[in-house]
Amino acid sequence: MGSYKINKGDIQRLLENLLKRGLVEGILVQSKGEKDIFTTLITDPGLINTTAPLAPLFSSNSAKYLRNNGFKNIAVFVKPCEARAINELIKLNQIRSDNILVISADCHGTIDPKDGAISEPLTKAKRKELEGKGISLRKACTVCEHFTPPEVDISIMTIGIDEGYILVTDNDEPLEGLDLEKGEVPKGRDAEIEKMLKERSENKEKMVSEIRRKLSSVGSLTEVLKNCIRCDNCREMCPICYCKECYFETPLGDLKTDEMLYQAVIKGALRVPPDILFYHLTRNMHVASSCVECGACEEACPRDLPLLALWKAIAGDVQALFKYASGMKGDEPLPLAGFKESELEEVK
Amino acid sequence: MTKKEEKVIEMDEKGDFEPKILGFLCNWCSYAGADLAGVSRYQYPPNVQCIRVMCSSRVDPMWILKALTDGADGVLIAGCHPGDCHYVEGNYRTRRRIAALKKILENYGLSDRVFLEWVSASEGKKFAEVITKVTNAIKELGPNPYKKRWEI
Amino acid sequence: MSDEGVKVGVYVCECGINISATVDVEKVVEYVKSLPNVKIARHYKYMCSDPGQQLIKNDIKELNIDKVVVASCSPRMHENTFRNAVEEAGLNPYCFEMTNIREQCSWVHKDREKATAKAIDFVSAAVARASLLEPLEKRKINVTPTALVIGAGIAGIQAALDIADSGYKTYLVERTPSVGGRMAQLDKTFPTLDCSACILTPKMVDVARHSNIELLTYSEVTDIDGYVGNFKVKVKMKARSIDVSKCTGCAVCIENCPVTLQPQIPKKPEKAPAVRDKGYIDELIAKHSHHPAPLVQIMLDVNKKYRYLPRDVLEYLSFKLDIPFSTIYRAATFYKAFNIELRGKYHIRVCMGTGCHVRGARNIADMVRDKIAGAKEGLFSLETVNCLGTCALGPIMIVNEEVHGNMSVDKVDDILSSLGGE
Amino acid sequence: MKLNGESPKIGVYICECGINISATVNVEKVVEYARTLPNVTVSRYYKYMCSDPGQALIKKDIKELGVDRVVVASCSPRMHEPTFRAVLEDAGLNPYCFEMANIREHCSWAHAHEKEKATEKAKDLVRMAVAKAKLLRPLEKKEVPVIRTALVIGGGISGIQAALEVANKGIKTYLVERSPSIGGRMAQLDKTFPTLDCSACILTPKMVDVARHPDIELLTYSIVEKVDGYIGNFKVTVRKKARYVDIDKCVGCGRCAEACRLKGRVDDEFNENLGKRSAIYVPFPQAVPLKYTIDPNKCIYLKTGKCGEFPPCKKACEANAINHEQKDEVVELDVGTIIVATGYDLFDPTEKPEYGYGKSNRVITGLEFERLVSSSGPTGGHIEIDGKEPKKVVFIQCVGSRDRKGNEYCSRVCCMYTAKHAHLVREKVRGAELTVYYTDVRAFGKGFEEFYNRVKDEGISYMRRELDDPIEVVEKDGKVVVKADGHPDIEADLVVLATAIIQRKDIGGLAKVLRISQGADRFFLEVHPKLRPMDTATRGIFLAGCCQGPKDIPDTVAQASGAAARAAIPILHGKIDLDPQTSEVIDKNCDGCAYCIDPCPYKALTLIEYMRDGAIKKTVEANEALCQGCGVCQATCPKQGIIVRGFTLEQISAMVQALLGVT
Amino acid sequence: MSDDFEPLIVTFCCNWCSYAGADLAGTSRVQYPPNIRIIRVMCSGMVHPNLVIDALMKGADGVLICGCHPGDCHYLEGNLTAEKRAEAIRLMLEDLGIETERFRLEWVSASEGQRFGKVVKDMVEQIKTLGPSPYRTQRMTQ
C-alpha cells in the first residue's frame, strides 16, 4: 500500500517498465499518431513515448474490446467510466480479473477526438480556452458524478494536486525499479472534488427531470423514440450489453416480413422495423443495474435519441433502489444476483 | 367467430372498459390456491388469463415487457410467501427483479400495471380477492395506452 | 405460422356439467378447429373416464396425432392420468399439454359468454404451446447399493445398523479412534436411568461384528464428489502407529508410557493489570485488609465512588486479592447494591409486576425509554423491576429514591423534563 | 445325552482375561479341577480366550480331538456368547452346543479380596456349566420367508410419511385410514410453528403423492378388524365401510352435497363442530381421495328408507355414483410388517368443569381455535365469536397435562402452538390484549426459542402460575372472567384452552387386535426408548407418531421415516431367522390340560386335537415364530409337557444338582 | 451359629435385567460375599417352583430369584407370574418346615449394580442367622 508523487514522465516510465520487465504482453492506452490521438494497443516499449495516457478524449468505452479476451496478461490505462465498466464485466464473468492490470486516472471531462488532439487533462483554464473555440465537454461528462477512479490496481490523482500527480496502489510490485518518491494526498483535494461534484449534480438533476417529463406520457415518449431505426448501434457500443446472441437476433425477436403479419394482427398495424419500445425497455431491464453512464450509446446513435438522459434517469433509479454504485467496488455483489430474506416490503 | 373476425373483447355490453390481464401462477402455491378458489366456488372477474410456471422466479421480465408493449392492460405475478418457496429462494429473486422492473416502468408510467402477490396453497379466498383487486385497479387506470399505438 | 407435420388433437371435457354449465363447449371446439396445426377437436362428458381416454388413444392410432391438448380440470389432478393414456397409445407422454378450464374458469365465472371467451383463450394458448413441445425421455441412472455414514455416535451407529440390516454394504467413518461418540461419556441416561453403556456397548459390538459394515475409525472424509446414487468419497485413515490386526487391547502398553496429560490450569498473570486511580484503590485495599472478607467492602466503596464497578478495577482487585475474576464477577452481578453499568444521574425504576402491568406499566416504560433517548448522555438510566411492593399505587416509577405513584404517560413527561430532559 | 452315539466330549477353556480373572482366581487350579469332571476330554487356559489365538485353540480341539461340547469360563455371555458361537460354527460344530460360565463379573471382580473363595466359586460355576453342557442338544436356526408388503394403520402425517418412505423402497404398501380422507389432524391446522408456513402447503403434496404412488394401495373409510400370524406373515382382516357412493364413478364434483336436504345442517367434525356440512360430504376441500361419503347416521334415506319422493343427491349426481344399497366389504391382506400411526385425541376439558368449557362458546380448545383461524375454516380465517372480533384473549396452558392426578406427562406441543395462536391474533386483530397463563414455557426445538422471543416482543404478556394454583373461568353477561389465583381477574372475550394430547379414546380394540401393550399413560409402549424406540414387543410391528407419545410434526416425520426404515429391514432381507431357543411341546408328556396357554404373553400356544390310535388326543401346539422363549409355560406345566430349548428344566436342575454336589 | 458357616445360595438371574445388574456389579467392582451361585435364565418366570423346592431340599441354604422391575420385563409380564409363584413356593416351604426366609424374590434392573451387591449381602447375613439348611448333606468336598 503506498502513495507516490509522480509526474507525466513517470507514467511513461511505468508503462515502459511494465513492457520491459515482461509483466504484461501489451498496454491499451491512448497515443498520438501524426496528428491525432487514438486508443491503441502497444507491445513495443520503444513506442511508449508516443503515449498520451491523460488525453481527455473519448470515442468509445474501451472495456467493450476487453470482453472474453484471450491475453496472457495486459495492462490498460483507462478513464474511470471505462474502469468501472471493466469491474462490472469482471463480475459478469466476461473479463477474467487475473490477467488484467487496470490503471486509471482522475478525469476532468472529455471532448470528442474529432474536436482536437489534446493530451493534457482539461483543467478549468484549458476548458475556458476550448469554449472560446466553440468546443465543449461531451454531454456525458457534464453530468458525470464518478470522475475519480473506482477500485483499481493503480489509480492516479490529478484533481486538487498542485504540481505533478499522486499515484496510489495496493501492490507495489509493478512499480519496482521506478524508485518513486513517497507522497501524501493533499488536503485540498476533497474540497476540489466536492466543488466539481456539486456542479455536475446540478446539471444531472436538470437533465433527468427534463427526460422524466418526456417519458411519462405516451405522446411525448413517442416523440423521443419515433426516430429510432433499430440500427442497434447503442447495443453494439454499450460495454455492458455482452450477450453472444441477443433476443432481437433470434427468430422471435427478428421477425421476417411475412412473419410480421402474425404480430400486426394484435394492433391492426405494425411499425416497421417493429418493437421499438420493447427493444429499449428490454435494454433498460438488462443493463440498468450495471450501466456506468459513459454516454457511448448516445454518441453511437445516428438519430440523436436522448439516450444519455434516459439512462441517467433509468440507471440512476435502479441503482439507487439497491443502493448500488455500478463498478465502484470489486466485491459488491450485482443487485440481481443476490437477495435478502426481508427487504423491499413495499413491492410485496 | 373465426380467427379473422376475432375481436379483442374490449368493451362489455354496458360499454365500460374490460381489461385483459396476463397472470403467471407458481405451480406449488398460487396455482394450488387458484384451484382451491375454484373448488370452493369463490367468484372472481374473468379478466386475468393465467399461465402456470413452476416458480415465480421462472418469469423472465422480458415476457412482462413484451405483454405490456403488445397492449396487455396489466400483468400479475403470483408466487409463494417468502420462506415457503418450493425451491427455497426463488421468490426472493422474483421480488428483486420485479422491484427493478417496476422502478424502470415508473418512468414510462407503466409501473402501476405490474402486480406481485404472494398466495399460498390454502388461501383460496385470498386468490379471488387478489384477482378482483388487480382487475379493479386496472379498470381505474384505464386501457393500456400502447394498446392501439403502433408507432413505437 | 403452421409448420407442417404437427398434428394437434384437442379434447375439451364437460366434466358432467361442471364445465358445460358455464362454458359453451361446442363453441370452444368450433373455434379451436380453426386454429393452425389442429387436426381434430372433440368434446366429451368425462375425458378422465376410460371412454374419454380411449377417444385420445384411438385418435393417436388412427389419425396419428402427435400432440395432445386436454382442456378440463387442474393438471395437479389428472396430468399423470392423461400422460399415462398418451404413453399407452405409443406417443411420448411429454407431447401433452393440459389447460384448466374448470377450477380456473367455469367454476369461478358465472357469466357464460365471458367464461367461454376465457376458455377459448386458454385452449388457444395451450395449442400454441403444444405445437412447440418436443418428446422427452426419462433417464434412469443406476445407484451403487452401498451407503456411507459419517460419524459413529449413537445416531451414526443406529443408522449404520439399520441400513446394514436391510442387506446393504455400509461404510461407517469415525474421526476418533473408537465408535461411541458423546453417549459413551455419559453415565446414566434419563428418563429410565439406564446406564448409558448398557445401551451403547451392545450396539457398538454389533457394529464391529456386522458382516455388512466396514468400520473406518480414526479416519476423516476429505473429499466428496459425484451425485445421488454415484458419490465418490475420499477418506483419510490417520496413522494410529499401532498395527490394528495385532493389538488385542490388553492395555499393557499404557503402564510404561511416560506421558501423562494433566488438565491445564490457567496461569496467573505476572504483572498487575492497568487500572484507574491506582492510588485510591490501593488505599481501599489497605483500609479493609483487616477484614476477614475484604472484597465486598471494597466493592461497596468503589460502587459509591464511580456509581458502578468499572471492569478494570475488578480485574485489578482480582490480581491484588488473588481471587479468581469469576468469583468477583459473580458477586458483582448478584447483589442489588452493585451495578456493572454506569447509571444515569437519575436512575429510574419502573415496576412491571402484575398489578402495574394491567394498569399500563408497559406504556410508562416505553415513554421513559423515549425520554432517555432524547436526553443528554448519562442523565437518565432505566431499570424495569418485577415488583416494588406498592401494587395499590400502581403503575409505580421510582427516580433515585423518590417514589411516584399512579403514573401516567404525560406525568412521566413532566417529571423527567423538570429533571433536565427535553 | 448321546450326540452321535458316543458320550459327549466336553472341552473346557478358562480365560485369564489379562489379569482381570487370574489376579483373583487361581486359574491353574480351576483347570486342574475341570479335568477331573465327567465327560471332560480337554481343559486349557489362555490369557485371552476371546482373541483370535484363543479362538484358534477351540477350533483346533474341535477338529483334532473331536470335542462336541464347549464350555468357556470367562466374562459375561452378554458380551461374548455370540463371538464364541461364531467360533463353533466356523469349526463346523453346532453353535448351540456351547455354555459359558461367568467367572469375571460374577466372580473375580466381585470377590477381589477373597481369593480362595473366589477360586471355589469359579470351580462351582465351571462344574455347573459342564453339567448343563452335557445335556445340550444341537439346534437349527429356522428361517421363515417374509411377505414383501407392509401395512400402515392411520393416514395422518405420520402414516403418510411412513407409507411413502416404505413404498419408495419398492415395497407394496397398504395404507388403511379410518375417515373418508387421509390428512389426519394436520389437515385441520392452519399454520405450523415455528416457521408459520401453511400446513396445507406441506401436507397436500404428500397426500397427492400417496394417491398417485404406484406401490401404495389406499384403503380409506376402512378399519383393521383382526390381525393373525407373526412377523413376515401377518394376515390382516380389514373392513371397508360402505360409503354408499361408488368411488370409481364419483369425480368429486360436489353437486350431491349442494342438493342434499340436510345441506348446512349437520355438525362438521372436521371443523370441530364449529361449521356445518350436509349428510353427503368430503371432510375438507383438498380431501384425498376426493370422493363423497354419505354419513349413515344422518342421511334421512338410510335411516328411514325414504327421502322425499326421490333422494335429491341421487338425482343431482351426473355420474350416478350414489348407491344407497352399498354394503361393507371385508378384505384379507397378507403383509410382512405393520406400522401403527393412529395419531391422537385431545383431552376433553369438560372433565375439569372449572375451565367452564361447554358452558360458554367463548371457551374453546386449541384445535377449535385452529379451525377458527384457518382460511378454509367456518369463518374463512376471520377470528370472530358471535360475529365480533375478540379484543381480549386469554390462553390457559397445561389443561389436562402435567396433572399428578390425571395425565402426568407434558404434551410437548401446546406451549409452541399457543405462542403461534397468540401471534396470529396479534396479526389479525388490531389492538388485541393477549395474556397467556403458563407454568413453564417449553420451547426446546430448533427455532422454537427464537419464535417464542419474537411472540413475547409483540406485547403478549406471559403470566406465570403454579400447576396446582386454582383457576376458574366464569361466564358473566356475555363475557368470560378468568379468575387465576394470585393474578387479577381478566374479563376476556375469548379463552383458549391448551388441552392435552391423549391416546385415542377407542384405541383399546386395536391394541388387543395387534397384541401390543400400552404404558401407564395409555400410549403404545416401545420396547426401549433408546435401544429400539420404534419397535413394539411384538416382533414386526412398529410405531410412528403421537400414538407412541405426544410429539410435534418435525419429530413425527422423523420417527415415521425411522419406523419405515425399521419396517423395511425384514422385507428387504426376504427372510427372518427365528431364535431356536423357543418352546417345544413334548408330545408324550403333554395331555392337553392347556394350563400353559393362558400365561403366555405372546399367545403362541394353542390347544389342538388329533386322532391317535382310535382316541382323540388333545395336546398343545407351539407357534415357533410367535414364541419369544421366555419360558413361563415351562415353569407352569406340572408334567414337563413343554420346554424351552437350551433352557430345559432338566438342564437347569442338572446345574442345581451339580452345584449342591449331588451327582 | 458358628461364624465359619458359609451359606450356599442358589441364585436365578433373568438374562435381561438382573444378570446384567450382576454384570454391572462386577464391572463396578462392587464387593459382595461369594456365597451365591448364579444360574442364568431367560426370565424370572422361567424358574419352575420344583427347582426352588429341589434346591432347598437338596441342601441349598437359600434360593434367590432376581427379575426385572414390574413393567420392565422383556416378555411383558414374566416377572409378575414369578411373583404369584413365589407365594405358592412360600406356602410349600411352610409345609416342608423350611424357613420361608430361605427363599427370596428380588427385582434388580440392568443399572442397579450396587443394589445387587446389597441384596446379596442382606440375604447372606439373614441366612447366617438362620444357620445351615436342615437338609444340608455332606456336600461333595472339593
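Per-chain numbering from 1; labels A, B, C, D and E assigned in written order.
In the analysis below, contacts are C-beta pairs under 8 Å (C-beta built on N, C-alpha and C of every residue); 3 or more make two chains touch, one makes a residue touch a chain.
No experiment lies behind these values; they were computed from the predicted model shown.
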#### Entry: Steps in the shortest chain-to-chain touch route ending at chain E and beginning at chain B
2
### Given chain C and chain E, the chains that contact each of them
D
### Task
Taking each chain's centre as the mean of its C-alpha atoms, give the chain farthest from chain C.
E
### Message
For the interfaces B-C and D-E, which has the higher count of C-beta pairs in contact?
### Response
D-E
#### Entry: Central chain (distance from its CA mean to the mean of all protein CA atoms)
C
### Summary
Greatest Cα-centre separation from chain D belongs to chain A
#### Entry: Euclidean distance of C-alpha centroids - chain A vs chain B, Å
37
### Summary
dist(centroid_CA(chain A), centroid_CA(chain C)) in Å evaluates to 44
### Summary
Distance in whole angstrom between the CA centres of chain A and chain D is 71
### Message
As a quick test, compute the distance in whole Å between the mean CA positions of chain B and chain D.
### Response
50
### Sequence positions of chain A contacting 2 or more other chains
none
### Query
If you look at chain C, which of its residues touch at least two other chains?
76, 194
### Query
Tell me, which residues of chain B touch at least two other chains?
32, 36, 39, 83
### Message
Residue numbers of chain D touching chain B in their complex, please.
### Response
190, 195-201, 204-205, 285-286, 374-376, 380-381
## Note on the structure
Contacts from chain C onto chain B in the complex sit at residues 31, 34-35, 74-76, 100, 102-105, 107-111, 114-115, 117-118, 121-122, 125
### Message
Show me the residue ranges of chain B that touch chain C in the complex, using the header's touch definition.
### Response
1-3, 9, 12, 27, 31-32, 34-39, 41-46, 49-52, 128
### Query
Touching chain D in the complex: which residues of chain E?
6, 8, 10, 15, 19-20, 22-27, 29-34, 37-43, 45-51, 54-55, 58-60, 74-78, 81, 85, 117, 137, 139-140, 142
### Residues on chain D engaged by chain E in the complex (per definition of touch)
33, 76-78, 102, 104-107, 109-114, 117-118, 120-121, 123-125, 128, 517, 537, 581, 599, 601-602, 628-632, 634-636, 644, 647, 649, 652-653, 655-657, 659-663
